[in-house]
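Worksheet for the structure shown next.
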Amino acid sequence: MSDKNIPFTNYLPDIVAPEEEEESYVDYFYDEPGSAPGTLNIEEDATPSTIVLIDYTESKATRKVLPTPDACHPYLESQSVSWVDVQGLGSEAVLQRLGDVFKLHPLLLEDIVNVPQRPKVEDYESQLVIIAWMVMLNEEKEDPDDEAFISEQVSFVLSQNYLLTVQEEPKHDSFDRVRDRIRFNKGTIRKYKADYLAYALIDAIIDGFFPVLEEYGEQIENLENEVVANPTPKTLGKIYKIRRDLLALRRAIWPQRTAINNLIRDGSDLITPEVRIYLRDCYDHAIQVLDMVETYRELAAGLMDVYLSSVSNRMNEVMKLLTVISTIFIPLTFVVGVYGMNFNPERSPWNMPELNWYWGYPMVWLVMIAIALSLIFLFWRRGWFENFSSVDED
Amino acid sequence: MSDKNIPFTNYLPDIVAPEEEEESYVDYFYDEPGSAPGTLNIEEDATPSTIVLIDYTESKATRKVLPTPDACHPYLESQSVSWVDVQGLGSEAVLQRLGDVFKLHPLLLEDIVNVPQRPKVEDYESQLVIIAWMVMLNEEKEDPDDEAFISEQVSFVLSQNYLLTVQEEPKHDSFDRVRDRIRFNKGTIRKYKADYLAYALIDAIIDGFFPVLEEYGEQIENLENEVVANPTPKTLGKIYKIRRDLLALRRAIWPQRTAINNLIRDGSDLITPEVRIYLRDCYDHAIQVLDMVETYRELAAGLMDVYLSSVSNRMNEVMKLLTVISTIFIPLTFVVGVYGMNFNPERSPWNMPELNWYWGYPMVWLVMIAIALSLIFLFWRRGWFENFSSVDED
Amino acid sequence: MSDKNIPFTNYLPDIVAPEEEEESYVDYFYDEPGSAPGTLNIEEDATPSTIVLIDYTESKATRKVLPTPDACHPYLESQSVSWVDVQGLGSEAVLQRLGDVFKLHPLLLEDIVNVPQRPKVEDYESQLVIIAWMVMLNEEKEDPDDEAFISEQVSFVLSQNYLLTVQEEPKHDSFDRVRDRIRFNKGTIRKYKADYLAYALIDAIIDGFFPVLEEYGEQIENLENEVVANPTPKTLGKIYKIRRDLLALRRAIWPQRTAINNLIRDGSDLITPEVRIYLRDCYDHAIQVLDMVETYRELAAGLMDVYLSSVSNRMNEVMKLLTVISTIFIPLTFVVGVYGMNFNPERSPWNMPELNWYWGYPMVWLVMIAIALSLIFLFWRRGWFENFSSVDED
Amino acid sequence: MSDKNIPFTNYLPDIVAPEEEEESYVDYFYDEPGSAPGTLNIEEDATPSTIVLIDYTESKATRKVLPTPDACHPYLESQSVSWVDVQGLGSEAVLQRLGDVFKLHPLLLEDIVNVPQRPKVEDYESQLVIIAWMVMLNEEKEDPDDEAFISEQVSFVLSQNYLLTVQEEPKHDSFDRVRDRIRFNKGTIRKYKADYLAYALIDAIIDGFFPVLEEYGEQIENLENEVVANPTPKTLGKIYKIRRDLLALRRAIWPQRTAINNLIRDGSDLITPEVRIYLRDCYDHAIQVLDMVETYRELAAGLMDVYLSSVSNRMNEVMKLLTVISTIFIPLTFVVGVYGMNFNPERSPWNMPELNWYWGYPMVWLVMIAIALSLIFLFWRRGWFENFSSVDED
Amino acid sequence: MSDKNIPFTNYLPDIVAPEEEEESYVDYFYDEPGSAPGTLNIEEDATPSTIVLIDYTESKATRKVLPTPDACHPYLESQSVSWVDVQGLGSEAVLQRLGDVFKLHPLLLEDIVNVPQRPKVEDYESQLVIIAWMVMLNEEKEDPDDEAFISEQVSFVLSQNYLLTVQEEPKHDSFDRVRDRIRFNKGTIRKYKADYLAYALIDAIIDGFFPVLEEYGEQIENLENEVVANPTPKTLGKIYKIRRDLLALRRAIWPQRTAINNLIRDGSDLITPEVRIYLRDCYDHAIQVLDMVETYRELAAGLMDVYLSSVSNRMNEVMKLLTVISTIFIPLTFVVGVYGMNFNPERSPWNMPELNWYWGYPMVWLVMIAIALSLIFLFWRRGWFENFSSVDED
């Protein structure tokens, strides 16, 4: 069998991932209080685990789908770089066996399986463990209320000659370009060891935050216009949702930044100085992501203030309209009410003599027009009418 | 007598705990200013103290209820691991005697008895002291105004061969699963010394925060809908209560995180390196709890902003309705008032000749309908009617 | 003369303290800019200084009121512990002489006399100086506008065999229980040196914050109900006052916490390791105080948000009432206005024929009742009437 | 010529300072981007520079106005302490020559002349440079809108035997008391070297913040009453102005605190340990200033909240009045409108028979009085009238 | 060819920069996730790259436009200082070749070309790399909605004898004065090596922030008046825009301050101690910029509060006017309504006898005038009319 003939993408035809509902709040996994450490928790609807092996040297790259973790053994012992990519957390037996084959500490296996855990780096003697969170735009989003992004835990176990990665979901990942770089020998990836591969994947994860942030940048820009021109209760919901999502993103990137920094500073011998320079670049990107998240958070908080002020402005406009109309017509209505009274003018010359004046009715109109005009002039001088139009223009 | 026959749960039939009112604010215990240090303060309604001993080696586990602290002596001297669990702080003599048997420093005994104290770790030469706060969902909650969680101090005194724990209340704890792991020899707990037992209990305490937080997560999610769709003054009270409770939770978890970190870093010889790895895992959980608390606090603060804006929006809607109705009818009422005046048309041709016109009355109606329609058209163009419906839909 | 016969309390019959107005803001004392350092500032209405000496060994305790600082000399040289307690800062000559007898640095004497200074610890070779702030509930409070607590500077000068304390006011202090512990040889206080005495007094000062905080805790709890059920402008003033007072308390406890920490860490030889353990306990209490102050500050800030929202809610209720009444009656008033017009029905059949219809008047009533009912139905469907009652219930 | 005959004050008869407008924002001086470092920028309206020398030993003090910087030479070389005080930054030639005589680094001369710079301490080998900001109450303030304080840069160059100070303005400074202490040999100032003089001046600068802060303390206290009792739009402007000024004060004191701390910790040999003790005292004062600034800032922020709430409360009161009046009179106006209709009672017995009833008119009055009273009773039960009076009382 | 004849400015006649839209948010450049590091991204509309060489010794300065990077070789090897200034990022071949000639690490070249990157300093053995952001006032701004400033990345590669700078855009930079200082041998720039040149350029970049900040200072000052005197919805938009821009400026200056600090502290041998003193000055300026940005941010946040309060005040004024008018006229309208009723006075002496009184009509007027005056008196006593005028004055 020639491995070259297998298509080298991530999507395997025989796996149909269940249509789970992804949550945007990454609220951590927890055991029942008091449980023994190392208990694996397999969710019922989790995708069965698939093991994909990519094995390469500078001259050659092979890709295989392995039936069981035990099939990894020959590759782990060879000098080539072996990337064992486990996709899906649904098969307890496979995951348990994986722990045995790769000699994983029970607590470590628990962290890998019981997702999500907080991103971190830990050094288990001959293995370096990295827990990371990958975020991706939700490409299946149909409804504006759907989550804008999907987040998934990826766990790395790095050793001298191999890299084990475990992903929650087989459907989505940001690694296809790295697979292509290995397959087509693009760049220098096949010249380096497993540590460079780990760097390349982490870098892909960090760079995967940028398109998500760009999406939020656009949403904020749209809201900036909406919030001044035409704020509705829906605007309020949108601002709240953006703030909540940015909070989730911040919670995802903050510990990863720390983890990468730990990799650079206190990392074990497994990472060569050359790769450390690349990780420094990746750390810069993580800081840039964090920087953008914080900026967007401040902008979103500012939008909330603007929204509140906008609503007050609109209410002011409504109140002014009511006041203008009422203030003009209430006195006039009083005036016409006066001459609707039925005092008997025949009884005394003091009883409503106006009713019998020759110019009575026209004079009342003159008086009323004078009242109305002077009130309008007063409002105009206070600049009330200007504001109406300025609101209209916006 | 065979210990195996005693049911191994925490609930002892002969103890009826008084129905105290638990408080959610953990406002610390304090002495009368100027009191001598080491004074024990026994509350009148505190539950009498019960001493439960669980003694185990890898091969065997015993459980006994001890009559007095002095009965611990043989166990403390044996090589087996002895877990002395004192439940209830109501018996001064027992607690004083406990101090003598376990050779506790008077300040330490004071911290154990005069609850609550702030969580901390202290190293008293041959003993390591840990003060922790356990939180549990209030399962007796009936009324939505009841506290959602109960918080209770647990003090640990760890030595080479024994672990002394002192709990405020016998009724509730998160330790039953640990007791089961000892009894049924699940996992590796019986292979380790007292330090692992201490870890297992602290881990159970930290994991006990998650169900409480999950409860608040759900409450926040419910409020997110309520606050936009139908905000009432009760919503306001709920948000305030959540914020207050999260503040209390933060105050409970923050010092525990620090304490566990101190255990890992500067811990005495009493904690073996192997258990230190487990504690590192427990520390990760404590950070996850803190992370969730902070996230929920930010979400709750955001909800308050949304609530305020929602109330303003509703008022806007009310004002608009008033303004629409007033602005349409006030001019019309003026018009009909005009033709209710009693000027004498016989005196002069200028006095209300309209009253005698052939088409007078229909023309007034036409004028009024024209005024009303043009006002309605103006409001419609400004989009006032759209907002009414959009609020209705939400 | 037997010292035992003198009553051992703090209140001396021959001193009448002037009824000064205490301020809650602790705004620091300052010299005229450019003054020479070491200038003593004696306020005109300050209480004359009294010197009270308590001298004790493990076996014996003596209490004396000393006429001048020079009378301290024999006690300072003896091996017994001498507590020289100077009460009142009104006698410049006494204070100057005190500086000479105790060999105080001029800057130190200035800090002691020119109150208030910021709490701190300073090490002047053979003397350890502690500036602390004591807070006490204002027991003379009559009016709710009076300050809830009194704050007073206490300066400590600790040496091997003596402790000098200087208090602003003789009337109040938190030290009577410590005096009793010395007098009646309660606890272990007479077994230790002056450093333990200093600890006991500092501990009394820190514990003195708790009753004050408890008072504020109760006030906040009362306000929590008031702010939702019946917010008035007075509520607003109360919340502001609590926030201002908590700010003052925070300013008092924060530097004391730092000072005690400095005492523990970098303290001089004057503090024995044994007392250092006690100080660690006292430091824990200071952190608890700070913790409570911060929690109360957050709760008070939350209350302000709730107050604002509550006022908005009430205004909403008022607006709704106005809108309901206006919206129902304004159209009806228009209708009756129509039939008050005086168009001449004799001139044309089109002029108000309704007036002459047989069922004219009953039909108008039917129309008006129909309008009113349909409007009421609309308001009811929007849930406006529910909110009225829900506000009433609160 | 005898120096003793020259009056020893700071105000020289031959200098008339231009009436510049002082700004409260201390927005830093900057060069045209790309300029060479060391460029001196002389403002056109700056006061010409005057050089005042005060030269003293313990036994003797001399004061001279020097014509040129070169005249300093003999004093700089003598063993006496020479304080060269340059007042006014208007004479480029003098300032350039000053740089040569005192061998100042070009960057340093730039910092001295191009004011304002941020306060700092720098160590140029044999010279210690301190940039400080002096604030003084604006005594020429006439209008409430004038700035409450004036801020001015003072630069210190300290060497073994001399102290060079450069001030922006000759008119104001806080140093007259120090000058008097030198002239009249008050305190110990003439016993010490130039480092003590530098301390005395810095201490005068720091103490100069207190009267300014006291002014703001009083303003805040006045506003606390105004904001609840009678908030007007002017109140709002005052609160904003106080916040802005406190921000400026914070910006002035914060770096000075750091600078003094640097002086104490890392200071060069030019400062003796004895003076370092005095500086520690001065550092305490700087912290007290910062403490007060922060407290006032929090109080001012709280005032803004109270202001907003107060305005809402007043609006509530206005709305209630409108609602009470409208709700009572609108139904009554409807009732009287009904009986103003002109239905023809002769046509049918159903057409307004009330008009012909014997008790018709009195009954209408009874009905209207009943409606009004029941509405008033309803409002009274809801407590609306209480609030009116409570607002009135405030 | 004589280099002296070429005009020494930055603007080259043969380059026409495309009219790109500059963005104020500096949202970082990012690669497609998973791309190989070192990929150069050339934007289509980027200006073609021009290479300008300025080569100088103390005695002589030459300026040349170089056709290819390879033409730099002779200058790089000479002892003179060579400033290679690459302007425009449009020519991939040139940039790639540049990397070869200057032996740049692929990651470094990527950072230089794929703009914007976060400002930083990195040490690549024999080269010191500085990424900086230059901000300039937007001189082409026509519309108030245009961005007030332009920001552009400048990358520095410093070696012993040369300085390579790469700018995004040839059109704008802040370096012309530095070019003049080299050309006309102003100041000491030609006496120093390339490190001083780098300092001079960085200093020009930092000083370039001041005019931009001054612009915002003026805008804030204008808004301070506008927000109290005449707040419109446009004011709100302006405040939001200032806050957003200050956020962008803060994001630009913060990392540069850190980068300069790193240069001073941990810088390589490439920077001489003498230049380090100059950099310290530059660092002070960076702190001043940051200080101003933070102050302006706080002022802008305060403006938002004032805006909200101002809007509330205006609404209050509107409500008061409505209430005054309504409260006066509604009762009067009721009164005149009463006497418009048609009760038949002939049927009974109780039916509206007032209509037939001799003084009936004048008495009604007296009653109405009395009602109006007493209401006006009440409003005047509550101070409502004062507020109207005080708002007018502002």
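In order of appearance the chains are A, B, C, D and E, and numbering begins at 1 in each one.
The definition used in the following text is that a contact is a pair of C-beta atoms (placed from the backbone, for glycine too) under 8 Å apart; a residue touches a chain by one contact, two chains touch by 3 or more.
For reference, the UniProt names are A, B, C, D, E = Magnesium transport protein CorA.
Being a predicted model, the structure only gives us computed values, none of them experimental.
Trainee: Suppose you hop from chain C to any chain it touches, then on again the same way; how many hops at least until you reach chain E?
Mentor: The fewest steps needed to get from chain C to chain E is 2.
Trainee: Could you classify the chain C-chain D contact as same or different, where same means more than half of all interface residue numbers appear on both copies?
Mentor: Looking at both copies, the contact residues mostly diverge.
Trainee: Considering chain A as a copy of chain D, what rotation angle in degrees (nearest 5) results from a C-alpha superposition of the former onto the latter?
Mentor: 145
Trainee: Starting from the mean Cα coordinates of chain A and chain E, work out the distance between those two points in Å.
Mentor: Chain A and chain E have C-alpha centres separated by 27 Å.
Trainee: If you average the Cα atoms of chain B and of chain E to get two centres, how far apart are those centres in Å?
Mentor: Here the centre of chain E sits 43 Å away from the centre of chain B.
Trainee: Residue numbers in chain C touching 2 or more other chains?
Mentor: Residues 308, 312, 315, 319, 322, 326, 330, 333, 337, 340-342, 352.
Trainee: Given the touch rule defined above, the chains close into a ring; going from chain A first to chain E, what order do they follow?
Mentor: A, E, D, C, B
Trainee: What residues of chain E sit close enough to touch chain D in their complex?
Mentor: Interface residues on the chain E side: 174-178, 181, 186-189, 200, 203-205, 207-208, 210-211, 213-214, 217, 224, 228, 277-278, 280-281, 284-285, 287-288, 291-292, 295, 298-299, 302-303, 305-306, 308-310, 312-313, 315-316, 319-320, 322-323, 326-327, 330-331, 333-334, 337-338, 340-344, 347-348, 350-352, 382-383, 387, 390-391, 394.
Trainee: Could you please specify the touching residues of chain C with respect to chain D in the complex?
Mentor: That would be residues 25, 27-28, 30-38, 105, 107, 110-111, 117-118, 120, 122, 230, 232-234, 236-237, 240, 243-244, 247-248, 251, 304, 307-308, 311-312, 314-315, 318-319, 321-322, 325-326, 329-330, 332-333, 336-337, 339-342, 352, 354-362, 364, 392 of chain C.
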